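Each in structure tokens, the structures are laid out below.
There are two complexes below, and they share subunit A, which is joined by subunit B in the first and by subunit C in the second.
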Partner chain A sequence: MATLTMPVKEQKKTYEQEALITGAEAIAIACKLANVDVVTAYPIRPYDTVMQYISQLVADGEMDCEYIVAEGEHSQFEIVKHASICGARVFCGSSGVGWMYAMEALTVTPALRVPLVAMVGNRALDDPGAFGVEHNDALAVRDLGWLLTWVDSAQEALDTALIAYRVAEDRRMFVPLALSCDGAFLTHSQALVKIPAAEQVKKFLPRYNRGDLLLHPDNVISVAPQVNEDWVMEIRRQNFAVTEIACDVIREVYADFERTFGRKYGNPFFEEYMTEDAEVVLLGMGTMSTPVRVAVRKLREEGKKVGFVRLRWFRPFAGPEIAKCLERFKAIGVIDRDFSFGSPNLSGVVATEVRSAMYTGAATRPPVLGFICGLGGREVTVPDVEKMADNTFEAAKGNAQPLTQWIGLRG
Partner chain B sequence: MSTFVDEKPTQNLEAFKGVKKVPHEEYYTSGHRTCQGCESAQIMKLMAKAAGPRTIVLGSTGCMYVANTSYYATPWGVPWMHTQLGSSGSAALGAAAGLRVQMRKGVMKDEPINVIAFCGDGGGADMGLGAISATMTHPDYNLLILMYDNESYANTDIQISGTSPYGVNTSFSTPGKVKRIMNHRWKKNMAPLMMVGHPTCKYVGTISTSYPLQAMNNIRKALSIGGPTFIHCLNPCPKGWDFDPVLSFELGELAVNTGIWPLYEVERGKLKLYGKTEQIANGRFKRLPVRDYLLKQGRFAHFIDEDIEYFQSKIDEMWNKWLVPGIIPLQREIEADNPPSQ
Partner chain C sequence: MGQLFAVEIIYRGVFQKTLAKNITRDIVLAAHNQGKLGISFGRYGDSPERNGIPAKSFAIVANDEQTLEAGMAQYEPKQVDLTVVLDDTLAKGAESWAWYGLQPVHRALKPGHTLIVVSLQDAPALLQSIHRREEPYKLGIVKGVTSFSGMWVYKDDHTDVRILGAIAKALPEVMSLESVEKFINEKLKNPLKATSARTAFERFVTVDVKAGEGNPEELFKFGLPRWEDMRCGVSIKGQAQGGPFADPVTGKVGGFRPVRNELFKKYSTRTQRPVVNFSTCTKCTLCWLNCPDAAFDVTTEGTYDTNLEACCGCGICEEICPVKDCITMVNESEFHDNNSQWAAFEKDKNAYLKWLETTIQKAEPIEKRSHGFRYRGQYQEQVPEALEIAQKG
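Entry: the complex of A and B
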């Protein structure tokens, strides 16, 4: 698996080894460290490499789990749903239309309070076919009670997978969590990753305890009986209650992660890059952070004060905090690697959410431009970012700009 | 012979030796809202009784979900969970896998627990067929999929399913001015589909609620034999089939006696016919005409003699021409094929 490993002795033992691995492999290792009980696989690029790694870990005796290859994504998610209700820690995942094929199962999982952790290797939806990244697959569940997070490095993928189990399996939460990794750019790109020791992970991540919701002959309960209009609204309200406390729980878990492993993520919900003296910022999710950072440094050399905000958690959407962060800039350019046809201002999903958060949470009302860029795995290039930054500067100066712009379009 | 199949012991449920030996305890009790004369609820009750207290039941969407398990009024004395319409195979597999791994890791008491997924013909023979088929290929997990068959989507207003009989009047196939017969499809042969398609499956069978003791004992056998197993049960439905509830039991018997619903089990690859079906097969009982069965039901009231004759001819073909009469629809003529020369 790992092509390069180095023992770590001289440092404080916050991790056991360092390995050159892909984002998918990092999540497979996180599953092993988390001692996941039931894993279901089904092939679809690009997420499925994680299942190849897990299969090898099982065959090599490094991981003890029920490894089930399902006959479709719907079954893949239904199998782990039931295993989780019987008390098992579970993992599965998908990409693109595979994720959409499982949609019914994805819908019932948060309603049933199942702390499933799923990896989404973001991929464009059909038709026509494209393997590359687009965020519409994972975003499709954004209103259903799933927690949604985007990572931008293999290290963050491993760490967030461990954090994901702690958050999802917290008794106050019990909701599924989708860990999104940009297809190819993260799932298949190698980087040096610090792998923590199993003992430390065990300390950080206690066994999943379903308590009085366990489906077992010692606990005779009926799960999800027909309720109709008598009770369904109250039950929805219980799911809503989770979203009210989700930000606090996530903050707690990140603090504990830092205490245990010594790696700091600062604000769990978003990461700021060169924003301190910035006049305008770009905002986006996932691996676009790499070209954006390069472009930001380049623009700064030209004297243009631009920064970048990378959103880590889309659900919960830390609205007030994001609004507070953004209100100090003269203009904001949101880069969406997704589309939301027919939405207000015809923008992408993230731009619409940012505008909504700022309407209620921000003291100022800077222009928020929406950029649609990098769809279907098309690269977000440095010149693309420069263009988006320039247009955002124009908006800051008060020069009218279209609220939604497609960047990097051919022809 | 070495095997990589990791078998786990089952509860080893012995057959009930007579009606008087059946325990009094019920695990499916009051609280449900099923119709008078509902044979589907009956098989659910028998199933819970046969399986006993150390059981988990996963109930797929269908009339036996919606009419049975209302909030604050659950009739279940064993843990029960709703599962999606097409998920009975995945549900049983997931529950069995979840229990097994926790027992292996020592975090749950190690004991055999029955896992039963209960689905209707819509959920099992239509939407959930793929998932059930996949589950039947997993020899490591002990579970039973019990498909109750009232030959329609009986919860949603009685619509055609893959197991609806030829010509039937349902809300998706009402006879009209030009077309008398709207359903031209023949009933899906589910148990043989499971049996022939999944060679490692150790038990597949058909049952009828009109023979309750036998039904319970077959369920106990399926739960004891290990691995994934499948049972198909025919359940007369007064609402969907349009008959007086007093006739439920009799129609179940008639389905068998006319040869429409053969009773059999396949245990470790060995086929055994039982009850009247066995007598039909070895000529000790003459099949009753299908007319006796069809005309007791409003859903066939639009049939003219020609339709009844066609129906009868198909049943005759089943018993006279099929390679395994009543079960495997390969024609007998295949035996006359010349094998390749040696």
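Entry: the complex of A and C
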């Protein structure tokens, strides 16, 4: 256990600064600004960049926290779980199979109402060992009560990390939140980022107050006792109550973020790009947005009215809003950087969710194509996106298309 | 719908796990000899892998598949046609991991039906422990030493077949004695066991227990909260620490009594209890320090009084006590209340010590008190003795 003994440098800066940093570094800086109390670490690419940056901040005396290097990811997540129950603001994270190794600890945090913020540096699951991005690691907790969000730039990573603490630590919520960042494209690439002043962050982010759920000698409670079948359903219902209000809380926090820092994100749940007069849209999560936007502009020059919807929050899944947004298009192409083997229509996770949301929430029934693309960190190229857009146009014209298509695959 | 029968076996975890499973299985197989269908199962929420914990096993028997399915469409039968209690110390009520508070052993028994207890006691003695109920029922005793064995070993002392014989008498609609004998001869291939079953059948009699007869103790009542009213985060309020308390005779305040969980007392796990000689206690603290259930109160005199609602009867205090006969574990069937021994000692020291002297004489030799086995062949040595008692009836 590493405890900081040197004095922390006084932070007098009250103005916003600009710096060229990676997405991982942006999250490390957010942790410093959020005055995180306990950080646990265990190396695995690409998450490990954030633990390196935080240890640097601690070593430089810029950040004061308990920085604990665990002996594995399971302990890493168990330690922050306990620290959080004792009232500490906590941060940790992992990637790929490291995240999966922590799975038992990940499953218990939602029921225990632990507002843990974790960074998942998205990475393909072994085997084969590969560093590249794939979304199945973070998606493994999608049904367990975790909040899941995907960011696509270093700036958004920093801002969303601050938003994450506000959302997770809201007394109505108290659930863990995973901040998903595509390996390499986001975690390892430097971009210009506006860093808010500590004073502003302090205003935006009040102290974490666990209230009567605090494990403390002055508040004698027992956490996670053994129960029989008479209790579990009620406990699940309590977590369900969180999901019922999650969208409202997130909306409130984004509005307050905008008031405090002046940066606008519009609709918190998804971002629309050139959709106003679009006939068809593509939809996806994470850093694939860059080649998609470039391709959309190129297709527009050719007169093809295509747009893009980037999903920010996967859990909660803003079903009715997404359905309302998509019902006006003639066809939708969902790009999944993941797989869901054996799922209905053999599609990816996001396509399956979008279809489900539209079944109940949309007034129309446009075709929804699923594209599996960019697995294991494979580049999603501009021609790939053009092909997906063209196939979506074909579906809009009523020309039969396979419901699930693998794009960028050899063979 | 055809006829549906449910038999419930209440037993002690680990020590009788195999026995209870064998009996419910055998009921189904014997009934099957008459063309009936059935299933047997242990209550899943129980914790039968823990020493002495009261637990339940069931046999459900029906004449046809649809009726059987109706009997299977619930976790456990809410009403049973027959209840068997395999250890008479359970007659005081049973508290398990699977249910709440102390429950009388006849809780699920249909009015007028039979409760069978394996015991050396007679009906009036057992009815001091068995709780009273609104409806009358029948009580039958299968005379015998309580059959206890270990987790992985089974003491084949004929308790299983003697219970089968008694059930054939009490509930012939489920299975006849002939079906039981056929099952024993074909499946267990032991003619002596068939004889034991027949003897038990012939000897089995019941007494009528009237409404309101029995132990008047008020039973624990509870309600389950709605989800909105439960604390969130899977958290519960902890216990306060406890503190000094008053001597019941002198009124002097001192000592230390921990606050204990009102909702989970655990004492029905106990098959034996410590009897403490307060006059020879050297106040060495070892029993208090080593008790895994914090069952001891420190008295105003600095001696240690067992709280008999918290004591599980493990016997560690007796093992660790350095003074001869200061703590002696005595079979639970010798006692009919959980009153404080120290209060009795304070009220009348001579009377208490006299009581203590006669009571600890009833204790079995220490090497016999363990319910497991200590050497290979120990059970085989015990079987003839058990059979002799059984045959005397």
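The working rule: the second predicted complex is superposed on the first by the 396 of 411 C-alpha atoms of A that agree within 3 Å, B and C clash if a C-alpha of one lies under 4 Å from a C-alpha of the other, contacts with A are read in each partner's own complex, and residues count from 1 in each chain.
Definition applied: a contact is a pair of C-beta atoms (placed from the backbone, for glycine too) under 8 Å apart; a residue touches a chain by one contact, two chains touch by 3 or more.
Here the structure is a predicted model, which means the values were calculated and not measured.
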Record, for the superposition on subunit A, whether partners subunit B and subunit C clash or fit.
clash
Quick check on the superposed pair: does A:373 touch subunit B, subunit C, both, or neither? Answer first, second, both or neither.
neither
Going by the contact rule set out at the top, does A:105 touch subunit B (first), subunit C (second), both, or neither?
first
Which of subunit B and subunit C A:225 touches, first, second, both or neither:
both
Should A:113 be classified as contacting the first partner (subunit B), the second (subunit C), both, or neither?
second
So, A:68: does it touch subunit B (first), subunit C (second), both, or neither?
first
Which partner chains sit in contact with A:30 here, subunit B, subunit C, both or neither? Use first/second/both/neither.
neither
With the two complexes superposed on chain A, say which partner A:79 touches: subunit B (first), subunit C (second), both, or neither.
first
Kindly classify A:213 by the partners it touches after superposition: subunit B alone (first), subunit C alone (second), both, or neither?
second
With both structures placed on chain A, which of the two partners, subunit B or subunit C, ends up touching more residues of subunit A?
B
When the complexes are fitted on the C-alpha atoms of A, one of 58-66, 184-192, 238-246 or 256-264 in subunit B overlaps subunit C. Which is it?
238-246
Both partners, subunit B and subunit C, contact subunit A at residues 85, 220-227, 230-231
With touch defined as at the start, can you tell me which subunit A residues reach subunit B in the complex?
35, 37-38, 64-66, 68, 70-72, 74-75, 78-88, 90, 104-105, 108, 207, 215-217, 219-227, 230-231
The residues of subunit B that touch subunit A in their complex are 53-56, 58, 65-66, 69-71, 73-74, 76-84, 86-87, 89-95, 97-102, 104-105, 107-108, 113, 130-131, 133-134, 138
With touch defined as at the start, can you tell me which subunit C residues reach subunit A in the complex?
45, 97-98, 224-227, 230-240
Per the touch rule, the subunit A residues reaching subunit C in their complex are 85, 111-113, 174, 212-213, 220-231, 233-235, 237-238
